[in-house]
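What follows is chain A paired twice: with chain B in the first complex and chain C in the second.
Right, the complex of A and B next:
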């Protein structure tokens, strides 16, 4: 089998496994996994920019929230159906990425991080400022009967699981395709050596903008899906905490690997979940494990796997 | 036919005139060496040719077209290739991918054609047996060769080599001279070089820069005999 075939078999295999799991898993884990899969899409969007292009954003909550509010506000205030509202969420993320991306292209290095952080903070404050519509920190619930697409009630656990899996499968396939094509290779080249890449004839700015658009839109898709599937939108999702989460998930799972975001999100979710059963000081346990992982697997779980045995992992 | 020329090309850094009103003509097919003492403005001059450094004044023409305002990546696409003075390969990527990045868009994304041209280029510089290694694991000399392979694989009309033999062993330099001689006639080459031995054995013509200005221009023999050059550069005056 060629490396290309191996990677398709592995990734489609994992999607199939998750499909089967849903018939076996107890209700609690079934729900958790649906949540993990949606958040994985967020991490995968983040990974396009951070893992593959080498641009460290500290403000991705802005895109997640753009998707979430694009969807939820158009349902709550424009009386849109869930389908068009989902598209509104995607469009909001895309538009946000376009405007901010153009400005971000004028920065590099630390300035890039600071600017992303500032924009995300401005986004968070905007959500609070328009509390009349967004209900600020308190947030608002999206009514169950409004969370329907093509007749499927997405608040139903089974449908929700399928929807989450469908979205994650789409994100995996998109990322795989990107990584396999020339475009993705150029992103990696920019990460590794920007000046050399420019001097091979590539328009760096155009590639970076495309990466920001893809990353922002994927993150917005996750945000919109989160609102739709779990029926709630609140300012917490726009806060700095939600900008740091995808960075952690991606670092833990393995930056610049297709499966890293999933493994990282899953790992972190259950790490906090299990340690909070043991003690109220669960963040201490989580913190120690994270320190240990950064010490012994600095490239993340999947990154370490790639380094040690599976060199072909995309 | 003149492939590349500059008119009154200048670059000032604050009060420092790194390059000052240089008129330069490079005929197609020639191997031209650009020499000069440290700080003569060679790298700045070449930076303005390739688009890495914007010109303060003057114009650059490539293939009869004014490219002064064009960004570097467009100049590369127009047929220039540039190798860095300080080795600049993708250390964490395989050797083949290093070259493939240089070739892929030229092959229109056709991976079969890309890998064929990659192997040709690696073969040409003699490191085809190391194709599967990571570029960062190559010896310094091989990394320099890889860098040249990345330039060659672009099948450029103008190949700019910025101090390609810096840090190479004598035997590697001999191979390099043979390589450049083999390329002569296939493409126009602009060679920035400190090693006079390499220059004399490869160049059809030499331009000497000193303090940002053209001090002399001519065949290797003329330059060797030029008293001003000897005084300024060779130090045998």
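Right, the complex of A and C next:
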């Protein structure tokens, strides 16, 4: 088998495994896994920008929230159906990524991080400021009978799991395709050495903007799906914390690997889930994990795996 | 109350904010200038300073001034020690790599916050000010008999707030003297200019880094101690000042002391003014967007010479 075939077999195999798991898992883990899969899409969107292009954003909650509020506000205040509302969420994320992306192209390095942080903070405060519609920190619930697409009730656990898997499978396939094509290779080249890539004749700015658009829209898709599948939208999802989470998940799983975001999200979710049974201090654990990661495994779990044994992992 | 008294009130409140902010932002700016890393946990050192002040003031007891004085003398060095420990245990070992430092300091932020929550608890607690006389401020108005003075209702401040402003001025002068007139300041500036050349001239760069990180955290803690009689100590109190100090450092230009002070005045006073007239949330939205745009279109800051 060539490396290309191996990677398709591995990734499609994991999707198939997750499909089978839904018939076996107990209800609690069934629900958790659906949540993990939606959040994985957020992490995969983040990974396109951070892992492959080497641009560290500290404000991705802006895109997640754009998707979530694009969907939930158009359901709650415009009385749209779930289908068009989902598209509204994606469009909101895309538009946000386009505007912010054009501005971000003018910055580099630490300035890029701080500008993303500032925009996300402004976005969070804006959600609070328009509390009349968004209900601020308290958030609002999307009624169960409004969460239907093509007759499928997405609040039903099985449908929800299937929808989350479908979304994650789409994100995995998109990321795999990106990595295998020339576009993805240029992104990696930008990460490794921007000057040299420019010298080779590639349009750096256009590639960066495309990466931001893809990353932002994928994150928005995750945000919209989260609102739709779990029926809640609140300002917490726009806060700094939700900008840090994907960074944490991606670093933990392995930046610049297709499966890293999934492994990282799964690991962190269950780490917090299990440790919060023992102690309320899950933030302490998250903090220590972050520090330990920067010290001992800068490449993350899947990254270490690739470094040690499976060099063909995309 | 007319417009004039409102403006004076906004100005006074703004000056107190600016005083604390300039100390904290100066710490952040020193750390960035010398070590070239962004310390995201800076706000937590501010919070640790305030919380330690509460512990120390409570432990000393007696007259409030005694406890406050003890806090003022002990809390900043303790916080600086904590920061130097973090520097040696974590930052030094990842080689001060800019991106990994951001991730590591985010981790530190979580750890410090959670430990404070577990030991100190979720409550906001005050420290009694050493002195707190209420001062009314007169204002002038036109009357048929000409210009006359009157004391508008609600326009006033406390002696403690004025003392905070004075303390910040003294401390900033001391730091400026430290940077420009002492051997330690020379070592710091040499390291800031060119790390490798400094090392070649036998400057202990590692020790300078650790002490600058400690000094930066100590300045943040000082700000925390000074603010705690006005604003209670709480485990999440570091968040807003961190964002504001980022704003100050960016607008003032990194590593520029006069720029930092001017920017702190600008941000503090305009924050005070805008908050008097508009909702604080709107004021914060405007301020954060302003910083983002300054960074995008003028990356060297309004006063700085170097790009971020």
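Definition applied: the second predicted complex is superposed on the first by the 297 of 314 C-alpha atoms of A that agree within 3 Å, B and C clash if a C-alpha of one lies under 4 Å from a C-alpha of the other, contacts with A are read in each partner's own complex, and residues count from 1 in each chain.
Simple rule for what comes next: a contact is a pair of C-beta atoms (placed from the backbone, for glycine too) under 8 Å apart; a residue touches a chain by one contact, two chains touch by 3 or more.
Small disclaimer: the values here were computed from a predicted structure and weren't measured.
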{"item": "A:16 touches, of chain B and chain C: first, second, both or neither?", "value": "neither"}
{"item": "First (chain B), second (chain C), both or neither touched by A:186", "value": "first"}
{"item": "First (chain B), second (chain C), both or neither touched by A:197", "value": "first"}
{"item": "When both partners are placed on the shared chain, which of chain B and chain C touches more of chain A", "value": "C"}
{"item": "First (chain B), second (chain C), both or neither touched by A:109", "value": "second"}
{"item": "Touch list for chain C against partner chain A, complex", "value": "38, 90, 93-94, 98-100, 102-104, 106-115, 117-118, 239, 243, 246, 250, 279, 281-282, 284-285, 288-289, 291-292, 295-297, 299, 307-308"}
{"item": "Residue ranges of chain B touching chain A (in the complex, touch as defined)", "value": "50, 52, 71-73, 76-77, 82, 84, 88-93, 97, 100-102, 104-105, 109, 150, 154"}
{"item": "Complex contacts: residues of chain A adjacent to chain C", "value": "56, 58, 103-104, 106-107, 109-111, 113-115, 117-119, 121-122, 125-126, 128-129, 240, 244, 247, 251, 281, 283-284, 286-291, 293-295, 298"}
{"item": "Contact footprint of chain B on chain A as seen in their complex", "value": "181-182, 185-186, 188-189, 192-193, 195-204"}
